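Next come two complexes, and both contain chain A; in the first it sits with chain B, in the second with chain C.
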Partner chain A sequence: MKSLDQNKDFLIHCAKTAGYRVVAEQITLATRAGIVAALLSIDSKYTENAEKIISSAFGKALVQFGVSMVLHQLPVDNPHVQALTYECLVSSIATGEGAVLNTAFSGVQDFVKNKILSIKDDSFAKVQESLSESVEEEIVQHAKTVSV
Partner chain B sequence: MSKKSMIEMGKKAAIDAQYRVVTEQIGKVGQQGIMRLVQAGNFSSDQMKQIEKFLGSDLGLALVKFSAGLAIHNMPEEISGDARAARLAEEFTTDGMALAANTAIGSLVGEILPLLSGAIDSLPTPAPAARIAETTASDIVSESSDKVKGRV
Partner chain C sequence: MNTQRRFLKNFIQKTYSDSSLTQNGFSIHGGCLRDLIADKEFKDIDVFVDDFDTTIPHVIRIMRDLGVTAIRKHTKGGSIMDSTTINGLYQGELISVELAKDFNNTWDVNINELFLTKVRDKNKPFSEAIPVGIKNDFTDVEGHTLYVGTYGKSGCTLENTLADIRNYQFSVFNLYNMKIAARIEKMSNRGYTHSIDKNFNKAVMLDKPETQVMLDKPEARSTPSFLSGCLKEAGYQIAIEQVSRGVQSALVFALSGGDSSKVEFAKGVLESDFGKSLIQSMLFLIAYHIPMENEHLEKFTHNLLVSSIATSENALIDFASSKLQAVVKDSLGGLGGTEKRKAKRVRQGSTHSSETLQSDSEALDEAVLQASA
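Entry: the complex of A and B
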């Protein structure tokens, strides 16, 4: 267990990094909204597809990468801007990777879920069959005894 | 402070992004696990249902990540001393804080700002007060000019 001061230092360090992350996220959101608004103002069939791409996770990654490139090209030698550039770059890579992983695993998850459900259904059907057979036999035996 | 090249930054960013992706995936799994635990309890009280709802939200995910980060950071030195574990703890805590802040900003922009602007619109306009101020100012000017004329 760390001491209170160590925890305090750790939280302050994390809060500083989180600040850059929040700013990067808000810049991305604003840029995306601006691009989507600009695309919607153009009346063309291609803009619909472009808007869908921008609104997706891959679009977000693309916008974040674009923002990081623009920030990197700014003629400013400021540590905050550099930190923001780096944050946008990390976010773009992470968003892209996350989207790929989610797309890949959603198919696998559905497959496994369907398999489990089908196994459950089969076993339930088998139990039902065996039960109905045994009940039928009992009924027949009971009818025989009654008739005798 | 000299600028780093984009390729140099990209190499370092790719490593940091791995930690972020792992954090995201573990966070989601952890949130779902806690949700299942709460759901398995079959609690009927409204308070537990509220807690369940909170855990399912973005703020719940932020809380899970933040707690996980602090938990890893406060683990025995054999575990938390490892550079990867330390980096993961930092990533969890930072992501939890950032997610909570982004959710708060999102709700502020989406819900509270329209309410505030509506409340400001419903306030009475300060036109009469402005007119009174204008008339008194003009009266003072005219009075002073009359006095000056009288002296002349």
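Entry: the complex of A and C
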């Protein structure tokens, strides 16, 4: 069982790391929005594709990587900047790999979803069928008693 | 663990918590402690003392408390001159503790004086003479005396200092030694060299060469270890993202059967970022209470909480700044770029569709002609 101090330290550490992650996310979002706005203002046939790429998860990863590289090259020996650089690079890798995984498994996800839905439909149909049969029997029996 | 090792471990715990011994300059030789930590065999248990008369009765008492019987004392019988050996039987095995007189060859290193030359050359106090990055490393140990015991001709090098500090980790007398050792090692890895100031007989840290200063710049950090750290951390983030998404979609799917407005509301909440954060918090609570000691599980748990906090904070920021975003978007839209592009797209689309229509009607005409023929 962890002590109260340990829990407190753990929470503080988590909050600090989360702070860096939030800053990294917001910087990325702002940079991405800026790039997209800049691309929209350019009147070229290539910008449309570039805009699509930047707006995708891969684009986000690319922007995060770019931000981390810029921060990495800054001639500042500051622990906060270093932590932010680290967080940006980690987020970039995570976003990129996550996007690859999502693309790779989207087929599997659809298959599983459809399978579950078909199972659900089958069971629903069976229940409906058995229900209708039992109702039919009841009606027949009721009719017999009525005729008697 | 053999009997001698077991004895030494108990002996260390007893002696270093005994104030009457620590006050009398009692210190166990770093070598045998090092061997104990490294799980190696050692020959003797060597102890350094300032004064035999004061220390020996206490050592004998502690040995008795530990269950040593048939205690015999031999003066000047050890490998070191002016020493006393105390022999006895511990759990049926012969135990030998050799007490050596301390010839003032122990030396204290004040952490401020590690940078003696630098401070002296620049004629500035420690806090101003040391670079910010290095100073940060030493903030919590600044001003504390680093007590290092060496003996004989082992030399007062930084390597010996580090080894000795590590081996003194049992000592209650040197609470800050481990911290200081970690800092010195860090500096050593950064390329700082060390030397002994003969005037003071103290270890001093020297400036690193210019090339090393260049290497120590942020862009030249150890790239492989930095990248592998990033990759590992990213792995945890991906795992968390996938697990939380899986749970989120499963819950949303489970709720999809219901028709009531409450179910719809719950579904909406779960699908949002706050719902994701909530799920991550729940997963964290579950993972935190798993009674298992595992490094990966701990990191996973830590990352779960971090992700949960970060997700909700990001959602809050997005929510709070949504109006600002709209204003910025509007002002950007007002620049004319978007309209211009939209207009172009519409133009292109209309041209394209008219061309297609024309070609289609021509093909239809041809087909009709062929059919009639």
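The rule is short, and it goes like this: the second predicted complex is superposed on the first by the 110 of 148 C-alpha atoms of A that agree within 3 Å, B and C clash if a C-alpha of one lies under 4 Å from a C-alpha of the other, contacts with A are read in each partner's own complex, and residues count from 1 in each chain.
Throughout what follows, contacts are C-beta pairs under 8 Å (C-beta built on N, C-alpha and C of every residue); 3 or more make two chains touch, one makes a residue touch a chain.
All figures in this text were calculated on a predicted structure; none of them were measured in a lab.
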| item | value |
| --- | --- |
| Simultaneous placement of chain C and chain B on chain A, clash or fit | clash |
| First, second, both or neither for A:69, with chain B first and chain C second | first |
| Which superposed partner A:89 touches (first chain B, second chain C, both, neither) | both |
| Partner chain in contact with A:17 - chain B first, chain C second, else both or neither | both |
| Contacts of A:104 with chain B and chain C, given as first, second, both or neither | neither |
| Partner chain(s) touched by A:42 [first = chain B, second = chain C, both, neither] | second |
| Which superposed partner A:79 touches (first chain B, second chain C, both, neither) | both |
| First (chain B), second (chain C), both or neither touched by A:116 | second |
| Contacts of A:25 with chain B and chain C, given as first, second, both or neither | both |
| When both partners are placed on the shared chain, which of chain B and chain C touches more of chain A | C |
| First (chain B), second (chain C), both or neither touched by A:143 | neither |
| On chain A, positions contacted by chain B and by chain C | 10-11, 13-15, 17-18, 21-22, 25-26, 72, 77, 79, 82, 86, 89-91, 93-94, 97-98, 101 |
| Complex contacts: residues of chain A adjacent to chain B | 1-2, 7, 10-11, 13-15, 17-18, 21-22, 25-26, 69, 72, 77, 79, 82, 85-86, 89-91, 93-94, 97-98, 101 |
| Chain C partner contacts - residues on chain A that touch it in the complex | 10-11, 13-15, 17-19, 21-22, 25-26, 33, 37, 40-43, 72-77, 79, 82, 86, 89-91, 93-94, 97-98, 101, 113, 116 |
| Touch list for chain B against partner chain A, complex | 1-4, 6, 9-10, 12-14, 16-18, 20-21, 24-25, 69-70, 73-74, 80, 89-90, 93-95, 97-98, 101-102, 105 |
| Partner chain A, residues of chain C touching it in the complex | 132-133, 136, 217-219, 226, 229-231, 233-234, 237-238, 241-242, 253, 302, 305-307, 309-310, 313-314, 317, 328, 332, 335, 337-338, 340-341, 344 |
